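One structure below.
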Amino acid sequence: MKKFTKLSAVSALSLVIGASAAFAENIKIAFIDPLSGPFASTGTNGLHQFEFAADYMVNQKGGVLGGTNFEIVAFDNKISPKESLIQLQVAIDQGIRYIAQGNSSGVANALTEAIEKHNKRNPDSRVLFLNYAAVDPALTNEKCNFWHFRFDANADIKMDALTDVMAKDESMKKVYIIGQDYSFGKAVAAAAVKNLGEKRPDVEIVGNELHPIGKVKDFTPYSRKIVASGADAIITGNWGADMLGLGKSAIENGFDGPIFTYYAAGSGITAAFGESGKGRIRLISQGGINPIATEEARATYEAFEAKYPEGNIDQSRIFNVIGMLSTAIEAAGTADDVVAVAKQLEGMEYDSQWGGKVFMRPQDHQIIQDMNVGVHTDENIDFDYDNSGFGVYTESTVTMASMDSPTTCDMKRP
Amino acid sequence: MNDELTTDPSKPSQRMRAGSLSLTLTPWIVAAFLLLVLPFVFTNNSAITIMNQMWITVIFALAYNMLLGQGGMLSFGHAVYAGVGGFACMHIMNMSDFFAMFPLPVLPLFGGLFGMGLALIVGSFSTRSAGTVFAMISLGVGELIAACSVIIVAFFGGEEGISGDRTYAMPFFGNEFLQPIDVYYLTSFWVLLSAALMYLWSRTPVGRMANAVRDNPERAQFLGYSSRWVRFYSFVASGFFAGVAGGLFGINYEILTEENLNTASSGVILLVTFLGGVGFFFGPIIGAIVFTLLQTVLSLQTELWAFYVGALFLATVMFFPGGLAGILMMHVPAIKLGKAGGLVRPYIKTLVPALIGILGLAALVEMTFHVRHAATGDNEMTLFWTTFDSHAILPWIIAIGVTVVGLGLARATLPAMKEAWSEANSVGGKL
Amino acid sequence: MSTPALELTGLKKSFGKAEIIRGIDLSIGKAERHAIIGPNGAGKSTLFNLITARFPPTSGTVKLHGEDLAGLQPFQINRRGLSRSFQITNIFPAMTVFENVRCALLWAQGYKYSFWNLVNRSRSLTEGADAILDQINLLARRDLPAGMLSYAEQRALEIGITIAGGADVIMLDEPTAGMSHSETDYITDLILKVTAGKTLIMVEHDMGVVFGLADRISVLVYGEIIATGKPADVRADPKVQEAYLGAALEAEH
Amino acid sequence: MELILVNVIDGLVTGLLLFMLSAGLTLIFSMMGVLNFAHASFYMLGAYFAYQISLALGFWMGLLVAPLIVGVIGAGVERYGLRRVHQYGHVPELIFTFGLALLIEEMVQFVWGKNTMPYSVPEVLNFTAFSIGANSIPAYKIFMIFTSVAIFIGLLFVLNKTRVGMIIQAALSYPRTVEALGHNVPLIFMGVFGVGTALAGVAGVIAGPVLGTFPGMAFVLGSIVFVTIVIGGLGSLWGALVASLMIGWITTFAKSYNVQMSDILNAVGISTPENLGNSVFRDLWTVTSPQIADILPYILMVLILIFRPAGLFGKRES
């Protein structure tokens, strides 16, 4: 038995090592996100979109650098910072130079710091961090670094665009802000207060509070407060089960205004809201799905649906990540020198198939793009989510949102 | 990988006379040697990172077993002591002037002291009784402190946690601990030291009485010992070593988050310790090594890793409540009788087919999962280094065949193995 | 007259409405062997438990060497020189026989809660434990788990643990319960041997043992002592005859 | 004033739901000494089964059938798993249920995937029963209250008026004696485990549509069920009821009102220090009641264990 334990350890560890030898010619992107546990659904959907995008946009078109393919290597971080750092090390050892991650700003924060330290300590095996969904503003402000690129609008930009749309509704007099008790939730609340104060000083913020993240079983008491406050609208940054719980509970318990939010589509949430959320839930996103922005996008979505009938393209920015990365690699003429690739990514302007231009702002590596505010509905929906017949229909667009927003980032380039 | 430590704490080493000292030292020397050479066998950074993680878990699991195995106290919130020790270390790392005054290898000591400090406070009321009351207080306190981690942002840093940079410490003989391998030797030093101290602890009067109180608190009372104080001392010592593990975590990852405190981490360490075996000092060491491998390596291979781990735990608890260490130690009588050799052939005859059968079963599970959840048209799957079409009938027939034949053979040869087992343990056996 | 080793005054104990011990006064001198007998349910074990603070008394006092034990925990009483065995065997079954005895020696040898001494480095612990094992004739079983001993051996071990700490007041609760004749004789001799010079208080059903061992006997019936005295006097007391002894003696034969 | 009344109703719903879980658990815990960590997993199974059945046969068949399936599975787990582990002691039993919880969650994901299921309130009950001020009380909540009260009454009846109930009550207090009297204790254990898990299943069926049916639903519920029965006192059905309602109301009210720690501290005469900005205690001063609402039961439990280890209504300590 003793021997067995040791043998299995040897073989297990050599698996880790051995994997690096195979497929050396592919450009590999490590996808480090939860694939098991409570957040697995979001992670898995993201992985499918990455795999599809790499295959459809790069490999089927002959690859980059004259025939090199993209390969997505999935690592399950179980949404744990510790596991993420272990998997990051494993990925680096496998010779992977591009790390994609999006779920949880906490994990993103751990990764960006670890990557900065790694790149400082190991100039020979530097890696880039492609952040496709972690939206804590700090990542492109005080915590920014040269290796981190954010392809999603940050919480401030999203709120800026959301409040632009909200401000047009003259009948709205009272707003209730509620969010999860962590950095993102706090960032959303702060941005909402600031933006509303600037755009609609007459609007009264009747509530501003945080609830424990992922722990609230029943949102009824919160809904009661919201209803009692006489709010005309709710602003929340909630996601996952917290979004669903809050939204359903508020509607059920007598709240009759709109709910402005960030993440209330796909991953079963659209289906679960169904009829009850129709016309009530308004969310900020980028990329036009309904109506579809371009014919190219329509073809992409149809191909995706053929492959994943139960899947959604709910993070169209993932296609931008792949598109921009392949463009940058082509321009740099190498995939191994990540500094060269990063320099290409900085300041890149890219025409997204999902509509509009996207621009990677060089001073903080924050992407700037058109932001849409859509409504949860079953009317005029070409591409629904969760096969529910419901989807998000774009009502208004803010072009190149927050192009000139300030940043505290002090970018240090190698 | 010091699973060579086969010293059984339930049996006192009565050897006091000179000469036998080398015998008790052997496993430690072997362990130290292994710790030293392992990085030369597994040279890449990820293997070293995984080994670091293993040694940290080893310390934590051994500390946990001071409570569960040796003291009979079931804790549902032990992660908080490791976590608080770790957070304290991160704050020390960020106090640049103070941190620059001493070398990095000393840092875990501070972690230990902070873990111990918290254990002193909590232990003062939680160790009054063992059993359900202790378990539930540990659960309550664990939840409380885990919840505080997002509320008391000044100390715990909210959900982002607290991060720092280990390289700002005073260089230790010129080493700034830039690379995982430097940290590896630091961690190895501490794992050896902590394991040795915890082992020695079990041989001290208060360590022996911890066992006595676990088995029969009332009798211990009538031997002049307060069960409560004996438990309290074990609890505080366990808190110290948990804090050391937390400090090492801080050095390795340079970040601590809510994850280090929450009840899931506390649950994991309970599973790790139990998987290894609570009855033996070296049990948790095996548990920590096996579990870390499962968690980091198996999860790279399959999405369903948690499913297998859950099944493994159920099987262990149902058939081998002594854990992996218990399975190893079951063979000691046969080895002492010189009859262990007779077991090899029956083992091969039963266990190899059983293993193949289980792998076949796993293949079926993976294939079902693939058919159910993979993308439409994506019929190709890779399993055991072979790629095939999961919608074709042949792979299914093969997998079912392998499963049935493997498990069938194992079942057929099981009586022979049982017979060999009783044979190896009978005649001349002590009991 | 010197202070009695153990003195009970007006000791009472009720569980709910049921009064189990109904006022006991008893004084036991130094180096006396005192037996407490009585029919089942008379409250003998309860009395033991009151003395050793397993339960608190409803009223009354217990004095050990003149010191009031009120409010003390069992381990504190033990440290003051009183040690007891249990009616149901109460040892550490998972530990070896040797370790059982060694644990019993730790406090007496002043180790307290020390974590800077190694038990197997202490010559006095090892030799002391071996000496006790020799006394109770279990040296041959030294390294077996205590749970594997025969019943009689476990009872002997329990007595060994009880006397190991060097207490001068020893309380034994039915040391020979459930034993065969030969085993009983063996244990009786053992008790005589190991309690020489000490105060012994025992509860016992076997009249042979009682009359063979005890200097004085108290008869407990329904929570009250109806007679105390030398074995011959007690045997002759008509109240005792009536209440208990007759039946018990008959059963003996 | 209106809000208080609304909160009383909401707290009642939460409390009664919790009670359905804790009632089964307290029976299991006090009879068998098993801390059944998988109890919440059976609750989850109840919701998933009901969802699956409701697709084909409608909500009401789900309500009827799903708890039965869960109960049978629970009895099977006891018969073929727990009973085997029972001989090794309580810790292995606990680990067993721990592993079982892990495995059930994985199996649910295996079968139903990782997304939230669109399991929703039946059309018949999908209306507002009445409104208090602007707050509407959904009919489904009234239905939940009636269902749980009916179950509680049924349980009381079985326990107090039937022979089986008498044996169970006796076994709660004196498990060994009951065995000595010749009752088939293993069968009673299996039955109690089955009924206990079926009750959890009922809770899952009726909670699934409002609280969401997703793989993490058992984890979110977490250990609060243990807290309930410890506060109430092990083995006490009334204790479980009182503790459940207490927790329901405490958490509901704590979430509904924003009370800040500084308010409380100021009220008892401690004034807020000047420079809170950098103080370590800054966060303590600004803690609000909704932030800590969900940990209040844990604080309560620790206090109760320190000062009254038997719980509010309990007779034994462990």
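Read from first to last, the chains carry the letters A, B, C and D; within each, the first residue is number 1.
The definition used in the following text is that contacts are C-beta pairs under 8 Å (C-beta built on N, C-alpha and C of every residue); 3 or more make two chains touch, one makes a residue touch a chain.
What you are looking at is a predicted structure, and each value in this text was computed from that prediction instead of being measured.
Chain nearest the geometric middle of the protein is B, using mean C-alpha positions.
In whole angstrom, the spacing between the mean C-alpha positions of subunit A and subunit C is 74. As a whole-number value, the distance joining the C-alpha centres of subunit B and subunit C reads 44 Å. We define each chain's centre as the mean of its Cα atoms; on that basis subunit A and subunit B are separated by 35 Å. Residues of subunit C found to touch two or more other chains are absent. Residue numbers of subunit B whose C-beta contacts span two or more other chains: 147, 151, 306. Contact with two or more other chains is made by residues 37, 181, 212 of subunit A. Inter-chain contacts, as defined above, occur between A-B, A-D, B-C, B-D. Across the interface of their complex, subunit A is touched by residues 2-3, 6-7, 10, 13-14, 109, 113-118, 120, 128, 131, 133-138, 210-212, 214-216, 219-221, 251-253, 255-256, 258, 288, 290-291, 293-294 of subunit D. For subunit B in complex with subunit D, the touching residues are 68, 74, 76, 125, 129, 131-133, 135-137, 139-141, 143-144, 147, 151-155, 263, 267, 270-271, 274, 278, 304, 306-307, 309-311, 313-314, 317-318, 321, 368-369, 372-373. For subunit D in complex with subunit B, the residues that touch the partner chain are 35, 81, 84-85, 88-89, 91-92, 94-96, 98-100, 102-103, 105-107, 110, 113, 222-223, 226-227, 230, 234, 279-284, 287, 291-292, 294-295, 298-299, 301-302, 305-306, 309, 317-318. Subunit B contributes residues 10-16, 200-201, 203-209, 211-212, 215-216, 218-227, 229-230, 233, 237, 430-431 to its touches with subunit C in the complex. Chain contact summary for the complex, subunit A toward subunit B: residues 1-2, 5-6, 8-10, 12-13, 15-17, 19-20, 35-37, 48, 52, 75-76, 78, 80-83, 85-87, 89-90, 92-94, 105-106, 109-110, 113-114, 117, 121-122, 136, 181-183, 212-213, 306-309, 311.
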